[in-house]
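First chain A sits with chain B, and in the next complex the same chain sits with chain C.
Let's look at the complex of A and B:
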């Protein structure tokens, strides 16, 4: 069929309409809400009162929100390095044609399909429990008393414990992405490099890495958008050091059962706007940082 | 090929697991769906019917339900999850109620605790809801614009009130709470009351020779000393209840209203009374009275440990705890409970305490027919044998005056009956979402002896 403006409009129409309804409208409404005060999230617009920048002012004077922004930065950076690093390493190992390779791939990917809440509680109740948890039992068996006594869930270590759980459930997803990219690279490059005497590190550094750079960049952007909405594990590992902006938004919007007076949809909307802007800025920054060169492969 | 099969099976299993355990706990069910419960309900409804006849004969003859026959379908959005005992009893009650009133149908939507905000959004969006329940503080704060004034209904008799007005058949303190929160109007009908107090392993108290529960702070310190000397852990808590010790102490010392101000405003934290409370709790920590695991106890690990290990004496918790731990509790475990002791120079004594209740509210937009059914059902739930069933099967506190309380809450009953002044459900220290996480973290560090009282004030007050 010939591409005309009409046919483009017809084919794009439904998707565009859905996009406008499901994404664009909520974004616009939330942005508007951030400049108003209202009683509940679904209060009709006629009941809103204009507040100017008051919500943002309150937000940036709320210690918990500032802490949560720092936390999300730390989660993004630390678990980002760990997750993407592990994913890359595992992808490298699991593209070498090992025995049971597919089984290992499936095993690493598996946690990604389990709901984050379930993963969180699994770690919290069965792995980190310091009386009968997996780690405590394991270290006791090994006779490593100091580690067996380690309080995984005390305030100071909660952040570390949560990061471990997060890396565990995300590595598989990015590993699969890297594997797909690596398997796309022609064997010929490696064969000729091998003949020329390049060792495994040189082959990785000079062939694999440049050829999957685009995917690496994309994974970093994806990582950013995934992390900014960090919620389920923060809710499960409930602590100041694990508090995230998404959880702040949720609590401010719906409050807890004990703190139902604190509902403030305007401030929650402001927090959502700040998160969205952060995600956009960081993603764009990353895109510029990791420029993709196009190779013929 | 084999690997692929293994992979697909594993993925499918994981997907199913995630579906089963994922969020989104909405579930709905209508009265009269399962054969098993319906058979049970039939049997029970016969009893209910007999009661109705008796009521008609002995009372002033006409119940509200009888005056004009109830007719219609109501939509009930509830704060229990479908698998919780409370939800099961509620459904059984509905079965029996609809047997009694054949033209009535009750459709349930069980949303769990998220109901408090789901109802609000759903009503704004025009969803048809006639009846909804939530914690009464949530009804005041979130639903007060949406609920109907039920004051007039309180003077009427219902199916199971023996011809007496409803208000004479249920705990007056709870009805009092309902009207005091809404300027004297009854905007909701309380059921499943709850209170927050010191729960204890009575066996330990008896073993170390404590015959009377501590009434003052000094007596508490003495009790802790005896318990510790006998090799037991005096006190534990877990993440959900962390502010309880500081919160209760402070509310005794300066009053719960003042604590609410303190929780909402970091500039109030130079009040020397806060340091005084922190010092008292610090002393408990220095003397080693808190569980060594207190810093890493995550719900429900702490409360399970409390009943399973049998070596922890006290845990400030709610009247829901015996129910939540029912399956883990050994048969010989003796539940005890007492009011948080008086503190030196405190403005409140043991007559003040945290209590609250769930309550059934009616949408103010509901039709008169729907409202009549809703109130008749609420009255039925709180005065029929199902009120007792909440007690028997869900270890909840019954509303009806002549119901028997669960054995493991008998002492809690005495405590609750002694309360004449109310603190917010788990003291006001956790009433602000901006500060509660920060305060709670500082509390646990104080209990674990990681920080001093001065550092506590500094840390908890930085929000």
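Let's look at the complex of A and C:
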């Protein structure tokens, strides 16, 4: 078939234009902004003054930003282990041919189609409520008085509570990824292992795990790019202990609660750059770590 | 294997499955109980919520009247539709031709384009919004629905193109050859022959895009945080924040229900399509 330059331009033109406008240009301009000082986000470039690394310096001396980076690190690590761990476990269970397997899979995935704000409020207003909440009621019913007294939404426990909600709403997505990978593995491997007398744990350890290693690595990278944009839940749970870099950047740009003197687009841009670099470095590190030979499935 | 051993091994198998059943049932049971309770609470009074007798005095539809009318839930819902539907259509109009071209045409820069798509998948929204905000306020577009439609379309280009590429790659070249012999140009050939052939994939990605745009929060908060522009998610944040002071819990639950019911209903009917959107693309949510 004839592939004229003209038809290529027609097919690719709109997509390329949007890409340049919404990805290429903004990334370049945000990176530039991080080295300049300006009054507002919309200040034209000629009103910018060069600041060198001043924005970054200021950023790393801002307590709230440091707290938020520490928080996102904890969210990435702890809820990452919990989410991917539960996802793997549920994927393993739901590939064994249980009754109502399809229904169970679809139900575990369900929270992923609900908006993060709504998920946040379902937990904040209902599950964690200490008067009529699900957990308090449940623990009272079981007679675990101490657990029933637990204040899920007090200052110190807010972070834990938010992480539980985050794990719950993300697990289904990764579970589906793992299920797809596990179902790609040929039955023959399991059959012959079964004949050799391998039990379910050995089969998981020596067949499933090595064969889905690539997908596990990919999911860890995906987890990183997802968590860096952690925002809606942090805003809903709204507490210093649940502050994330995304929320910090948003507040530094628009100052909804703090006074207007805290608005600083240069620092916000620096924060965006730091977040992006962190995500890229961590993802590359993970890719490097997990890069191993691929097995033929 | 003797019969006895078979029974024992079958029993052992079920015993091993028991903890599995238990975990799954607790997890799923929790999910449905939570959703169900919130729906019941949204039809009760705040008093009933606190005393634990949901629906004791019958269905209170007034919570919804308040959520839809007084709290502008209806308008927010309309706004969400205005943002989501055109974006989904535009995404296909832009991405399907691009995916087709990249996956089937050999030309210089093709490899680079594929790399750029992957990079685009990894760029966080926070890097994008500041320059976009300044462009949009310079063009005086900050009061219009167009802004979010444009942003939703444009930011979906990498994933949707990436998702559609393998489907176009899988179509036999004989279709194009036959079309070319019959004198059909490449653009017509694409829309009349290739596009219908990958229709299932188009449907999948569109449902997937619909849900992700419907649930999008950050850009909506930045670009549509005015009462006449707010989509449903941003509206919910505003409503709950203001209701928290008045203590209208029933009203808050009604507002939460309005946000999640549309996507959950769509999911109930199209879960297979949505799940295959996750596993086939398998890269980004």
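Quick note on the criterion: the second predicted complex is superposed on the first by the 275 of 297 C-alpha atoms of A that agree within 3 Å, B and C clash if a C-alpha of one lies under 4 Å from a C-alpha of the other, contacts with A are read in each partner's own complex, and residues count from 1 in each chain.
By definition in this document, a residue touches a chain if its C-beta (ideal position, glycine included) is under 8 Å from a C-beta of that chain, and two chains touch if they have at least 3 such contacts.
Remember, predicted model here, so these are calculated numbers, not experimental data.
Trainee: Based on the shared chain A superposition, would you classify chain B and chain C as clashing or fitting together?
Mentor: clash
Trainee: In the superposed arrangement, does A:278 touch chain B (first), chain C (second), both or neither?
Mentor: After superposition on chain A, A:278 lies in contact with neither partner.
Trainee: Is A:23 in contact with chain B, with chain C, with both, or with neither (first, second, both, neither)?
Mentor: second
Trainee: Does chain B (first) or chain C (second) touch A:62, or do both, or does neither?
Mentor: In the superposed model, A:62 contacts chain B only, not chain C.
Trainee: Is A:125 touching anything from chain B or chain C once the two structures are fitted on A? First, second, both or neither.
Mentor: both
Trainee: According to the stated criteria, A:134 is in contact with first (chain B), second (chain C), both, or neither; which is it?
Mentor: Touch status of A:134: second partner only.
Trainee: Looking at chain A, does chain C or chain B touch more of its residues?
Mentor: C
Trainee: Could you tell me if A:41 is touching chain B, chain C, both of them or neither one (first, second, both, neither)?
Mentor: A:41 sits against chain B and chain C alike.
Trainee: If you stack the two complexes on chain A, which partner ends up touching A:106: first (chain B), second (chain C), both, or neither?
Mentor: A:106: touches chain B and chain C.
Trainee: Should A:251 be classified as contacting the first partner (chain B), the second (chain C), both, or neither?
Mentor: Only chain B; A:251 stays clear of chain C.
Trainee: Tell me which of 183-191, 201-209 or 255-263 in chain C produces the clash with chain B after alignment on chain A.
Mentor: The segment of chain C occupying space taken by chain B is 255-263.
Trainee: Where on chain A do chain B and chain C both make contact?
Mentor: 41-43, 105-107, 110-111, 113-115, 117-118, 121, 125, 131, 232, 253-254
Trainee: For chain A, which residues count as touching chain B in their complex?
Mentor: Spelled out, the residues of chain A in touch with chain B are 39-44, 62-64, 67, 100, 102-103, 105-107, 110-111, 113-115, 117-118, 121, 124-125, 128-131, 151-155, 232, 238-241, 243, 251-263.
Trainee: Enumerate the contact residues on chain B facing chain A in the complex.
Mentor: Its residues touching chain A are 3-4, 6-7, 10-11, 14-15, 17-19, 21-23, 113-114, 116-117, 120-121, 124-125, 135, 137-138, 141-142, 145, 239, 266, 293, 295-298, 301, 305, 424-426, 430-438, 441, 444-445, 448, 450, 462-463.
Trainee: Once bound in the complex, which stretches of chain C touch chain A?
Mentor: For chain C paired with chain A, touching residues are 16-17, 20-21, 23-24, 27-28, 30-35, 37-38, 41, 49-50, 52, 93-95, 97-98, 100-102, 105-107, 113, 116, 119-134, 137-138, 151, 153-155, 157-158, 161, 173, 176-177, 179-180, 185-187, 189-190, 211, 214-215, 217-218, 221-222, 232-234, 236-237, 240, 249, 252-253, 256, 259-260, 263-264, 266-267, 271, 274-275, 278-279, 282-285.
Trainee: Which stretch or stretches of chain A touch chain C in the complex?
Mentor: Within the complex, chain A contacts chain C at residues 1-4, 7-8, 10-12, 14-16, 18-19, 21-23, 25-27, 29-30, 33, 41-43, 89-90, 92-94, 96, 98, 104-118, 121-122, 125-127, 131-132, 134, 137, 173, 176-177, 179-180, 200, 218, 222, 225-226, 228-229, 231-232, 235-236, 246, 249-250, 253-254, 265, 268-269, 272-273, 275-276, 279-280, 283.
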